[in-house]
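In the two assemblies presented below, subunit A is common to both, partnered first by subunit B and then by subunit C.
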Partner chain A sequence: MPSFRNITTFARFTKCAVNGSIMRPSMITPMRYATAHSSEVVQPSGTFLNKDVVTERVLNVVRRYEKVDQSKLTAESNFYNDLGLDSLDTAEVVMEVENEFQLEIPDEEAFKLTSVNDCIQYVTSNPLAK
Partner chain B sequence: MKPRRLSGLQMQVLSVYRIMLRAAKEKQDASISRMVRSEFRKNSSIPVTQHHRIEWMLNQSRGKLELMQSPNCTNVTFFGPDN
Partner chain C sequence: MIVGIGTDLVHIPRFRNLISKHGDKIINRLFHISEINNKPLMEEKQAQYFASRWAVKEATLKALGKGGLGSKCIYVTKTNGNPSPILCLEGASLERLKEIANVQDDTSIRKYVSISHDKDYAVATVLLENVKN
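Take a look at the complex of A and B:
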């Protein structure tokens, strides 16, 4: 199997030789080395979870947290405005969600999750969620 | 409604809170996480104007975290509220 370097130089030389002109960035075509030698397609390491299942599980996690106002809990409710939580509580709820889906949400992302819907969006878009 | 923005200091406090809760979960003793929660809750009423005090406490927390993470620490005796 040729190395990365071999493939690139080969492509460049043929382009220049055929056109007989100056090399421009637009001539460099992106390489597809998965299809060049084998037909197998690279799959992402995980699969995305179904949104309904995620909604149910996230709601269960939030319901388990005792400070949450149960009557106002829906998939759209905001932690601060609707459920009456402060930032410490929210950090804890997000950590519970992490545990439920066996994720490790980085701090910057975790601080942006301010509603149940945000959590659902994050989990459904993360292929590592279990 | 617009999500509210956290200040830099708030983010620092929250990330220390997350780290500490994670560290507390490693230990068998549930009273460690109870202590972490109640300490942060107790000091959450410090106004932002006393940011030097908050920063001082953040510095203190680093040492406490190290102590908590050491394998020699197995349990704490904590007399406080139950959450």
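Take a look at the complex of A and C:
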């Protein structure tokens, strides 16, 4: 785990070579970091993605999954009954949806998403979806 | 009285692909913490390990006659010195077991599980018995 070791042994305070002042690495000044990158770090609450856009993006994610029968794919398709996926396939598709929208769906919610529409509903009601 | 039986067969390369693609994220999503903590150290053994645990979960859902319970509430453990796996049910799967066995608590329930694998396939069979009726 080289990266972990780098972090733990990284000097928390480093002396600047030019003027001798004490510099702190940005990782221990989270406020400054968050301000500089606020659009990437924190989404303003209450901004929900447009449903049509979400629908198209979710359909694209599912379409890319090789086992899906493209001719049966609609926004109403059930992963099991319509698309012929099993529980393992479904877990993977839901994970791809998370990646697409940069979301972390809690485990106890993720297994309840069993259709394209479930995913669309989840994403459109989550203000952190990107 | 037997209250349920289930079998499931899993293609081990599916887990090999899942792990190489999604890593720990998918394993943490699907498996109980005790299963993860007891995974084999050798990476090439892990796909077989998780595939057979997944087969147990699916076989149990078949024995319970119901899906949608989640996969973390069904898992197998092993005790030191005993090679036989022990099937554990908790939460939604335990409630379903009590429902189909028509019991208030699971003290009269015996849970049997058997796992096997050969090359690309892992298989598990689960039998649930109520010894009071």
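As a working rule, the second predicted complex is superposed on the first by the 85 of 130 C-alpha atoms of A that agree within 3 Å, B and C clash if a C-alpha of one lies under 4 Å from a C-alpha of the other, contacts with A are read in each partner's own complex, and residues count from 1 in each chain.
By our rule, contacts are C-beta pairs under 8 Å (C-beta built on N, C-alpha and C of every residue); 3 or more make two chains touch, one makes a residue touch a chain.
Given the structure is predicted, the values throughout are model-derived calculations rather than measurements.
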Is A:Asn78 touching the first partner subunit B, the second partner subunit C, both, or neither of them?
first
In the superposed model, does subunit B or subunit C contact more residues of subunit A?
B
On the A-aligned overlay, A:Glu66 touches which partner chain: subunit B = first, subunit C = second, or both, or neither?
first
Using the touch definition from the top, say if A:Leu88 reaches subunit B (first), subunit C (second), both or neither.
both
Subunit B versus subunit C as contact partner of A:Gln121, first or second or both or neither:
neither
One more residue to check, A:Phe111. First (subunit B), second (subunit C), both or neither?
both
Interface residues of subunit A shared between complexes with subunit B and subunit C:
87-88, 91-92, 95, 107, 110-112, 114
Along subunit A, where are the residues that touch subunit B in the complex?
66, 78, 80-81, 86-88, 91-92, 95, 107, 110-112, 114-115
In the complex formed with subunit C, which residues of subunit A make contact?
87-88, 91-92, 95, 107-108, 110-112, 114
Per the touch rule, the subunit C residues reaching subunit A in their complex are 14, 18, 21-22, 25-26, 28-30, 54, 58, 67-68, 70-72
Once bound in the complex, which stretches of subunit B touch subunit A?
1, 3-4, 6, 10-11, 14-15, 17-18, 21-22, 37, 40-41, 44, 83
